[in-house]
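Reading through the structure tokens given below for one structure.
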Amino acid sequence: LSFSEDCSVRRTPARMAMIGGGGGAFIGPVHRRAAALDGVVTIVAGAFSSDRSRNAETGRSLGLDPQRVYSSYDALFEREAARPADERPDFVCIVTPNHLHAPVAMAALSHGFPVFCEKPLTRDLPDARELCALADATGLPVGVAYTYLGYPLVHEARRLVQAGTIGTVRRVDVRYTQGWLSQPIERSGNAQAAWRMDARTAGIAGAVGDIGVHAQSLVEFVSGEQITEVSADLRQTVRGRELDDDCSMLLRLTNGVRGTLAASQICAGDDNRLEVSVYGESGGIHWAQERPDRLILNVAGQPKRHITCDAALVGEPARSMLRLPAGHPEGYLEAFANLYLEFVGRISGGKSWAGLSHHDGLRSMAFIKAVIQSGAGNGRWRTIQA
Amino acid sequence: LSFSEDCSVRRTPARMAMIGGGGGAFIGPVHRRAAALDGVVTIVAGAFSSDRSRNAETGRSLGLDPQRVYSSYDALFEREAARPADERPDFVCIVTPNHLHAPVAMAALSHGFPVFCEKPLTRDLPDARELCALADATGLPVGVAYTYLGYPLVHEARRLVQAGTIGTVRRVDVRYTQGWLSQPIERSGNAQAAWRMDARTAGIAGAVGDIGVHAQSLVEFVSGEQITEVSADLRQTVRGRELDDDCSMLLRLTNGVRGTLAASQICAGDDNRLEVSVYGESGGIHWAQERPDRLILNVAGQPKRHITCDAALVGEPARSMLRLPAGHPEGYLEAFANLYLEFVGRISGGKSWAGLSHHDGLRSMAFIKAVIQSGAGNGRWRTIQA
Amino acid sequence: LSFSEDCSVRRTPARMAMIGGGGGAFIGPVHRRAAALDGVVTIVAGAFSSDRSRNAETGRSLGLDPQRVYSSYDALFEREAARPADERPDFVCIVTPNHLHAPVAMAALSHGFPVFCEKPLTRDLPDARELCALADATGLPVGVAYTYLGYPLVHEARRLVQAGTIGTVRRVDVRYTQGWLSQPIERSGNAQAAWRMDARTAGIAGAVGDIGVHAQSLVEFVSGEQITEVSADLRQTVRGRELDDDCSMLLRLTNGVRGTLAASQICAGDDNRLEVSVYGESGGIHWAQERPDRLILNVAGQPKRHITCDAALVGEPARSMLRLPAGHPEGYLEAFANLYLEFVGRISGGKSWAGLSHHDGLRSMAFIKAVIQSGAGNGRWRTIQA
Amino acid sequence: LSFSEDCSVRRTPARMAMIGGGGGAFIGPVHRRAAALDGVVTIVAGAFSSDRSRNAETGRSLGLDPQRVYSSYDALFEREAARPADERPDFVCIVTPNHLHAPVAMAALSHGFPVFCEKPLTRDLPDARELCALADATGLPVGVAYTYLGYPLVHEARRLVQAGTIGTVRRVDVRYTQGWLSQPIERSGNAQAAWRMDARTAGIAGAVGDIGVHAQSLVEFVSGEQITEVSADLRQTVRGRELDDDCSMLLRLTNGVRGTLAASQICAGDDNRLEVSVYGESGGIHWAQERPDRLILNVAGQPKRHITCDAALVGEPARSMLRLPAGHPEGYLEAFANLYLEFVGRISGGKSWAGLSHHDGLRSMAFIKAVIQSGAGNGRWRTIQA
């Protein structure tokens, strides 16, 4: 049972203000849960929605001081910046649709707030350049949520490539395919689909911007090479779409590396199939997001190795990113959290499952006793009696 | 992107007091992270360790009021029970070694606190009976942390069995094998191993008590049948051990069901291999904890089905236990939380990775632009320029 | 592309006489195909069925001289033994139901023929002892078809255990579960089920005799230890059955090894799930028949290794049992053989698929040309023209 | 146990003459074993090698009449064509390097022989056109060995697509990656590599011709669509190579389908990774050659289905291509054939394993008896005594 007990770098939680992420949003609650997990972040203010009642409701559900729930990000930045240093947000988290990333981020930076922003950074390239210029000028930290770089084994893959385990890199293949946009659900009330397929909110790209950038960031991170040229085939598969929903491309990367990248949201039946392979002169390394706790390392002439999230088997920084011992897959914490939901429900008159009461605990003790007795009695059958 | 945004049953977090779980503990931090995930629990008091400085340090790291960090559970219960209702802990969480479960739980109940307790419930059967009697007398809720019942697909498996999908249950097989006690590490300083292999702290059973009860609780939960008789073969494989480290047994369950259960901690090379199969007259259902986001349902004469954590595919209560859309495996949240650690580290002068800065975001925007241009140009190679 | 081109030990095929295996049999055709694969065996005589016309038809379909197709095994042995040495069968293959194994084998040995026999060796233990006494007295070779010992990676597993890769063996688990006898199909015309569940033809055991012995032979072969004691739970799950269809047992083996064995034919939804695990002091080794070209070797503290059928990765004798290079799974030959069936069908006016004609070959040549041209033209789109 | 006992379309084996495939060849022995498996083909003549002694030796090892082993294909065709109809080969099998396919095939056709030829059909497109013209003029059957079309589940995949199970096809992805040419082994004595990387023997393409055509034939077969345009990126990764060893391309197919194809032999660590995905409007279908007995069918909104080689689950023609019941993976026959090699070795004084003798059979009978007795004795431990 070797693992990293505490990933925290600070003992006093950082104060966060959130822009976007009101009721009905997908990524907002993900950010909030992720921020809560290690106890290093606490939400203190927000402008969650342009819908007044949804905004207020989200603030209430988070237990925020109603004074710190704002109807606009401008108002939030102005008033929060005026607070004393020990109340003021340490940073701003942006989880709006793409078109607002740049204006919100620039406003935040202008008020002196570091920014943690959903991907893609902006709606288009000029916006991104402008934002970067401002960030560099202010010197304030800006982070982009390339989620998949958060997996420990992605870091381990990068480390193994850098360590020469597979030799000089020659070829990469990365795919990110989903099926949820196979049908025109943006025209039947799916809000997530609607803004992603609308150039005003999503920017110049559909699937390429929504998931292609994850593939690009992942393949560059793991291989250590950067894409220098692309030859792409894009289309709007579903009739009537403005933005691409299906894209394939040939890649050329630094140091003569070549490869392929596919980003498609019309791959019906696929859930969230992000997979990367990096081939070097002497081996290949493979990671798939739908089975994130396994890294496959195939060195020519050796048995295929399956590297798991085991602090004894991985190097830094992956090791310090683990919260659990080997064999407790990522997700164990969510399972555990479900127990708390059940119990808190129980003490609040809410939902309750069978299986977790003291009488269940008693049954197990009777089970233990019978087992010990049967074992001591050369396997004689013993009855369980609680 | 269909999922349950908010599993919470209450908007005001429940206040928790924790007994045990000081620095160096395994399960204490797991409880704290799990409790934090959904924002429904907040720690307000604790007696974490009999080591005074470790106790104080744990309290500090959790940001607790030093007045509410106690050197004994007795002191905690007495003084916390005296607080006003809106400050008093809503419940007590017990994460000590096994032998303390009963005395702490009974003291907590006596002071009017509901109890959420690590498994096994107590050290032995008489203690468990006494505790249950008290719990029933007080009427206060008591919960036992059978972690694996927290997985959504375990509930889905139970539901499918109850719905008759595999017909009347006939046979069950469950195994929980680990390798971490293959060597006598309890004699070379491993504290986790030491108390688990010591009858004074662990109780009458070793592997059976530590992991066998998880197997028992899981197989009963999924099959809906209860074990009535056991025929067991136990041993202390590693020389010098007092308690069993390896156990196999034949099972007889209610309604004529039969089966097997293995619980072993000397299965070298295994991490945390908890696997359950339930067979009915017309099919079988299979779940493995090391791949928890997949449930295999094999109905005779039909293709084998792999059921994933997809709100569109599972029934209640599994559906309401999901926090993410299909294809985002449990663990996505931990990955995401790692991004927050990185960013909070960055704004605090702490650790920082490549790959998440605004310049990385800018690169992606340049990538998008080149892709869109290449696509528009019938696949002509385009250079990426940030 | 390293592999064993030719497993043969002799250049002149051995002449085989077959007893049993007439039309409708399961294992007879399997034997014939397996015997044909390497060209080392040729069938020259047979007594395939007590049904006269089925017997004759099987002989005809195999292209046998009608004079060498016999209505009884006695007649066959008598007359074939009288043939000149260069015509006489080199051995006899027995593929009848169990109850005939002993009498046929003993008659064969009495006439001087080596015997290759289906498992289990006989109907019960006394028969087996008698047969062994005769075999030993004659000194003639007798083989038993423990099919699963034919897999190269089973030999590799044994070799790795013997080489100490996992340390001293401590525990074994083996399961062989099928679902095809979940319902009383022996009462609705399934001939395979009927004789297996009839004590007159199958002997004293049902599932234990039919598949339990495969599990026993496999676990002993891989672990190098022999089962010395069993504690078993058997039953006739399906009402009205005479013989066991479901069995679980605890095992004790030589050198203090312990373990479990399950053999069941009422595991609905399972096909042919034979899986073995052997644990030593420092690691475990795992093989599953439904994925036979992969051996999992987990040594504590090392990445999990997946060993495949690659001559460069396995030792003797597995290496010399491979017929194909790595990555060409066992089954490639069957796929290839299907091409021959198609083509022979075509030249005989029989069945024919799309996809294998010279026009398909031509298409591929046009594809190659277009690819080469596009590559030479910096990826310009090229049309394929056959 | 439902399966196709006999795939044969004719009872008298077809007579085959083989050109190429002398000692040291890879694909020749594969053809011979595949042709032998079902007993529908028998080799009667050959011109195996231009090396006189290797040629003679191969003929001897196959038990051929030395008169029918020829030093050139011309001689073979001339003299074999002159034989009486009931001796004359029914067809010619060509397993030479690519550059000889066309001249040999055309000579065979000119002498009236049907042709079964390795892929690619010829060295280049003009040769292929000429050969096709001749084949069409003669009306004689010509077959091309697109091996992977021989897998039952490839046919099932095609059938499911045609049946509309995944809706109208929109996208395909196919990859065929190997690692065996990662290093310049053609310059250190590997004959297989040498002719494949030599334009004189291989033709105009390297990886594209060797494995790319398998990918092309497979994706067209399964999807039912034909590739109409390609945009390719090719290179000679290993310095000094004349032909491509790494290739990626974008595809456009009939009916607006798009996709990708990768064919590379420098993917170090990959064995023979041929994988195809076909996406339609409502689902996707996936097959991987390294796990050929499983077809994944993901229909949106339904559990993922894993279709296995089970006659009860697949339609025609896959059903009639199965030789074994469900759960007996392709490869079972090879395992079984290894038993024959062992036994034939034993009666010939050759190699012999432990585990297959009558004493092993006897042990199993003692095992059965002890199990039955223990079961009858409520699980009392019983000793095994042979």
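Points worth noting:
Which chain is which? They are A, B, C and D, in the order written, and residues in each are numbered from 1.
In this text, a contact is a pair of C-beta atoms (placed from the backbone, for glycine too) under 8 Å apart; a residue touches a chain by one contact, two chains touch by 3 or more.
Computed from a prediction, not measured in an experiment: that's the story for all the values here.
Look at the CA centroids: the one farthest from the centroid of chain A belongs to C.
In whole angstrom, the spacing between the mean C-alpha positions of chain C and chain D is 21. Look at where the CA atoms of chain B average out and do the same for chain C: the two points lie 43 Å apart.
Centroid to centroid, with C-alpha atoms defining each point, chain A and chain C lie 48 Å apart. Along chain B, residues 231, 233, 235, 249-250, 252, 270, 297, 304, 308, 379, 381 each make contact with two or more other chains. If touching chains are joined by edges, the resulting network of the protein chains shown connects every chain directly with every other. By the touch criterion given at the top, residues 231, 250, 297, 301-308, 312-313, 379 of chain A touch chain C in their complex. The touching residues of chain B, when paired with chain C in their complex, are 166-167, 170-171, 173, 175, 179, 182-183, 231, 233, 235, 237, 246, 248-250, 252, 258-260, 262, 264, 266-270, 277, 279-284, 297-300, 304, 378-379, 381.
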